[in-house]
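Common to both upcoming complexes is chain A, partnered first by chain B, then by chain C.
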Partner chain A sequence: MKRRKFEELFFKGLMLLATIIISGSLFLIVGTIFYKGAPYMNLDMITKTPGGGFYIGKEGGILNAIIGSLYIAGGATVLGLAISIPVAIFINMYINGKTFLVNTLRMAYDVLFGIPSIVYGAFGFLIMVCFGLRASLLGGIIAVTLLVIPILVRTLDEVIRTVPSELGDATLSLGATRWETAKVILRQIRPGIFTAILLSFGRAIGDVASVLFTAGFSDNIPTSLHEPAASLPLAIFFQLSSPVAEVQGRGYASALVLTVIVLIITILSEICIRKFYKQKA
Partner chain B sequence: MYQEVLQTESVAAKKTHISVKGLNVQIGSQHILKDINIDIPDKKVTSIIGPSGCGKTTLLKTFNRLLDTSSDVKITGKVLVDGENIYDPGIEVTRIRKKMGLLSQRPCPLPMSIYDNVAYGPRIHGTRKKAVLDELVERQLRATGLWEEVKDRLNASANRLSIGQQQRLCLARGLAVSPEIILGDESTSALDPVSTHIIENLFIKLKEKYSIVLVTHILRQAARISDYIIFVYMGKVIEAGPAEQVLQDPQEELTKQYVKGYIT
Partner chain C sequence: MNYEQSTIEMYRLRLFKDRVFSKVMLVCTLVSVSVVLLIGIGLYLHSVPVLHKLSWGTLITSSIWKPMKGLFGFYPFIMGTLWVTAISIIIALPLCILTAVYITEYAPSRIKKILSPFVNLLSGIPPVIFGVWGVLFIIPLIQSHIAPHFVDFSTGYSVLAGGIVLAVMIFPLIVSIITEVLRTIPQDLRDASSSLGATKWETTKKVVLRKALPGIIAALVLAISRAFGETIAVLMVCGNNAVVPHSVFDPGYPLPALIANNYGDMMSIPLYDSALMFAALLLFIIILLFNIISRVILARLERKLAA
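Let's look at the complex of A and B:
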């Protein structure tokens, strides 16, 4: 009897410990960034581009990286969506007779989902070399698009599969074509599409490896697709590698900016997911 | 008694609307429907009855070629609608489907307003004029007895309606593309008794203009509203005939057992 009670307590303790480690490390990470970055956080950081000598501790901010990251993540998400929505509809509505093909496609995007982003970066870089492109906003967008497509397709595919088959049956039996039916289904899953967008954006904005070779880095805000673009993850990396304490502090402040952006996106997508499932119920 | 005889005769005399000849359906390795030969009369309520999994719904879905959308389906044989084989290779599927309104088990409003739900069908078939659509929406909502309940909130989301109202909306949506046939797949099984009653009465009223084919596993419902009954068991049509005859005086042993409740 004593042994069973001990077991119960022991494993309960272990679970509690694991939970504390997880929530504790989240708290520690956010806490560290905040503690180290907050003193260097000021309006200049988010409203100015690096001035001369920014990287040895003089005036300026990381607006170039903020805007660059938003451009890259936004562009990649839009481009990715334009490719993923047709794929998800095609898988679910046009080739449903051929189970083997559907399963193969689903496996393909699951594999793509697991590929490390540095591989997408390298692949994107190869494509750029082929087309004679230099490190640029466009290059970054292409590489990050490759990265987010599997996320988008997977999310959209799952969301479309939750739509009851009666909805498609209803429009089809009114004499709608499959494309007209697809439009109704897309309308039904609007919150789901929004969730996919946010997930993709969140992943895109934080990824460093895919933009490392492809987007380059610049102290200016890019004014065309062919100019190199800075990104927040790279800005953090460069500043943290500096020996100057002031610059390192700004690195943490940049991390704080990125974390806040990602946090906002996560909270928004959480709200969307809840709304989507509530609407279904 | 006199009425029964009259009814029986009129069923026999009525012309056929859907005629199924040698229909076989295989899904994957399963033989779902086996050599089906039946005639469905025009402007009558025909019920397909049988235990769960016997192939009732599959049979219904072959009528508007909705079965085509499932995976791994093999269909052989003919389904003649107005004498035209809908499985002919050259047939335009959307035109066939437009001929038949489908009322599914659970009501499934489109993700749009009440008005747009009814107007959806006519719109995809090319009706754009607002006055025409307005008139059509009102007419179909009146036909399903929904008009008085929703006329002040036509722009509200269809999902806000009660389940019973949603099902009537789905019926109105189907009627809006002027079909000739209404297919009902256990259309009342998700509804409360009052809504069920309303829908059943609608079917009886609508048979003046439409041929109605219903799948049901509720024998009492089949008895209440059908003129004609088809009993399906294990993918085969066991018995088909006027409702009174099939329910009161079945000719086949299996039908007798089913009607008495021995097979479920």
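Let's look at the complex of A and C:
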């Protein structure tokens, strides 16, 4: 009897420990980045593009990378939405009934979701070679769009499934076409779409392996789709590989900027999801 | 008369719209799903040149890596990937199972509500930040606190560092899948077990976890495939030395890191780009297989639950 009690306690302790380690790792990571990055943080970092001697530790900031990342993530999310919303509606409304087909499609997007960004990057690079494009904002947006489509489709699909089927049935029985019904449902899931946008944007802004081949890097803010664009994760990576301590420090500060952006996005999406499900319930 | 005609016109227009949008949606779906095929075909076509020169067997088992001489042996990189992945799974899996069990079976609902956003926040952190954290925290930790107990000297840049960073990265994925799987297990089973006098842990161990085993395996396979493809974080902490690692403190050079690190000069050396695309193809095939396996298991579980 005593041994069983002991075992119970022992494993409960282990579980608590594991839970603390896993949730603590978040604090550890964010804490480390803040601790190392904060001393190098200043206004110049986020308001100026790199000056002449930026990479040997002289003046300038990473505005080029911040703007570049926003362009890439924004472009990819918009393009991704334009493809994913029809896909999600199609899966849920147009082929309803053929369960096998629906399941296969859902699985295909799950599998696409699992493909690592480096493979999307390599594939984006192949597309660019195929069309004779050079590393540019456009190339980056294409590769990242491929990366975010599965995220968007999965999220939208899940959200559409929470809409009670009576709503669709009622609309249809009033004589609406499927497309008109879809519009009603899209209005219902507006907060869900917003969540999907946030999730996709957060993933897109932090990803590096997909833009490595495709977007290139530049010290200037891109003014057209055909110019190479810097991105925040790449800027961090490059600055960290520098031997100059000052530049490395600014790499930490850049990491701080990215962490803050991503944390805000994730927290916002978390709030959105909660609101959405509370509304449903 | 006129009224009737305009009504018919309107119906036609609405049906026409419906049909047009249905075609647009069909095209969107087909195009985005066929990306899976296109990636496979594209990567294969680009690795044909190197496959002409060397066979699959040589490419995978040779450990000579001399791009300048046209010798591409991926063995060290495959081993690097395997080491890093294995270490990360060994660290992550037990921790994640324990945490998932705590969240579903033990934690009071108030704590549950706090814990799940934590897991989501962790999953939102970009890979490069994990890499920076690895460089700032894990590397010094290994270099001055862990390695000295076992080996004479280590820079800290090692497969162990890669494994630890990866483990933290795959925590959210494994925890969320296992939590979901544990939730699908009927409460009746737990009640039956505890009414026979089993303690909570005994119920968990002998009923819940046993029932959840397929789901846990699916989570494991999915985690392996995620760890396989992770690039930048691993690249930053693994040391990137093209030799087969023999201990956890040796540097390694995983496949994705190889691809990412050499994109710059891949166009200037003949066959080099083809070899790197072969590496991407290899990754793609392995990850595709693993993903399909785990998704099939999970889908089957879901269907069983629905039935």
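Here, the second predicted complex is superposed on the first by the 280 of 281 C-alpha atoms of A that agree within 3 Å, B and C clash if a C-alpha of one lies under 4 Å from a C-alpha of the other, contacts with A are read in each partner's own complex, and residues count from 1 in each chain.
Keep in mind that, in the parts below, a residue touches a chain if its C-beta (ideal position, glycine included) is under 8 Å from a C-beta of that chain, and two chains touch if they have at least 3 such contacts.
Here the structure is a predicted model, which means the values were calculated and not measured.
Trainee: Output check: A:D110 vs chain B and chain C. Expected answer is one of first, second, both, neither. What do you get?
Mentor: In the superposed model, A:D110 contacts chain C only, not chain B.
Trainee: Applying the document's definition of touch, where does A:T32 land relative to chain B and chain C: first, second, both, or neither?
Mentor: Touch status of A:T32: second partner only.
Trainee: More residues of chain A are touched by which partner: chain B or chain C?
Mentor: C
Trainee: Could you look at A:G168 and tell me whether it touches chain B, chain C, both or neither (first, second, both, neither)?
Mentor: Touch status of A:G168: first partner only.
Trainee: Regarding the shared-chain residue A:K98, is it in contact with chain B (first), chain C (second), both, or neither?
Mentor: first
Trainee: In the superposed arrangement, does A:Q188 touch chain B (first), chain C (second), both or neither?
Mentor: Touch status of A:Q188: first partner only.
Trainee: Using the touch definition from the top, say if A:E180 reaches chain B (first), chain C (second), both or neither.
Mentor: In the superposed model, A:E180 contacts both chain B and chain C.
Trainee: Regarding the shared-chain residue A:F11, is it in contact with chain B (first), chain C (second), both, or neither?
Mentor: second
Trainee: Using the touch definition from the top, say if A:P86 reaches chain B (first), chain C (second), both or neither.
Mentor: The second partner, chain C, only.
Trainee: Overlap of the chain B and chain C footprints on chain A, residue-wise?
Mentor: Residues 177, 180 of chain A touch both chain B and chain C.
Trainee: Which of the residues in chain C come into contact with chain A in the complex?
Mentor: 14-15, 17-18, 21-22, 24-26, 28-29, 31-33, 35-36, 38-39, 42-43, 46, 94-96, 98-99, 101-103, 106-107, 115, 117-122, 124-133, 135-137, 168, 171, 175, 199-202, 204-205, 222, 225-226, 228-232, 236, 256, 259-260, 263, 276-277, 280, 283-284, 287-288, 290-292, 295-296, 299
Trainee: For the complex, which residues does chain B have touching chain A?
Mentor: 64, 66, 69-73, 94-95, 97-98, 100-102, 104-106, 108, 110-112, 120-121, 124-125, 159, 170, 173-174, 177, 183
Trainee: Can you list the residues on chain A that touch chain B in the complex?
Mentor: 96-99, 164, 166-177, 180, 184, 187-188, 190, 279
Trainee: Using the touch rule from the top, collect the residues of chain A that touch chain C in their complex.
Mentor: Where chain A meets chain C, its residues are 4-5, 7-8, 11-12, 14-19, 21-23, 25-26, 28-30, 32-33, 36, 83-84, 86-87, 89-91, 94, 103, 105, 107-112, 114-123, 125-127, 146, 149, 153, 177-180, 182, 202, 205-209, 212-213, 233, 236-237, 240, 251-252, 255, 258-259, 262-263, 265-267, 270.
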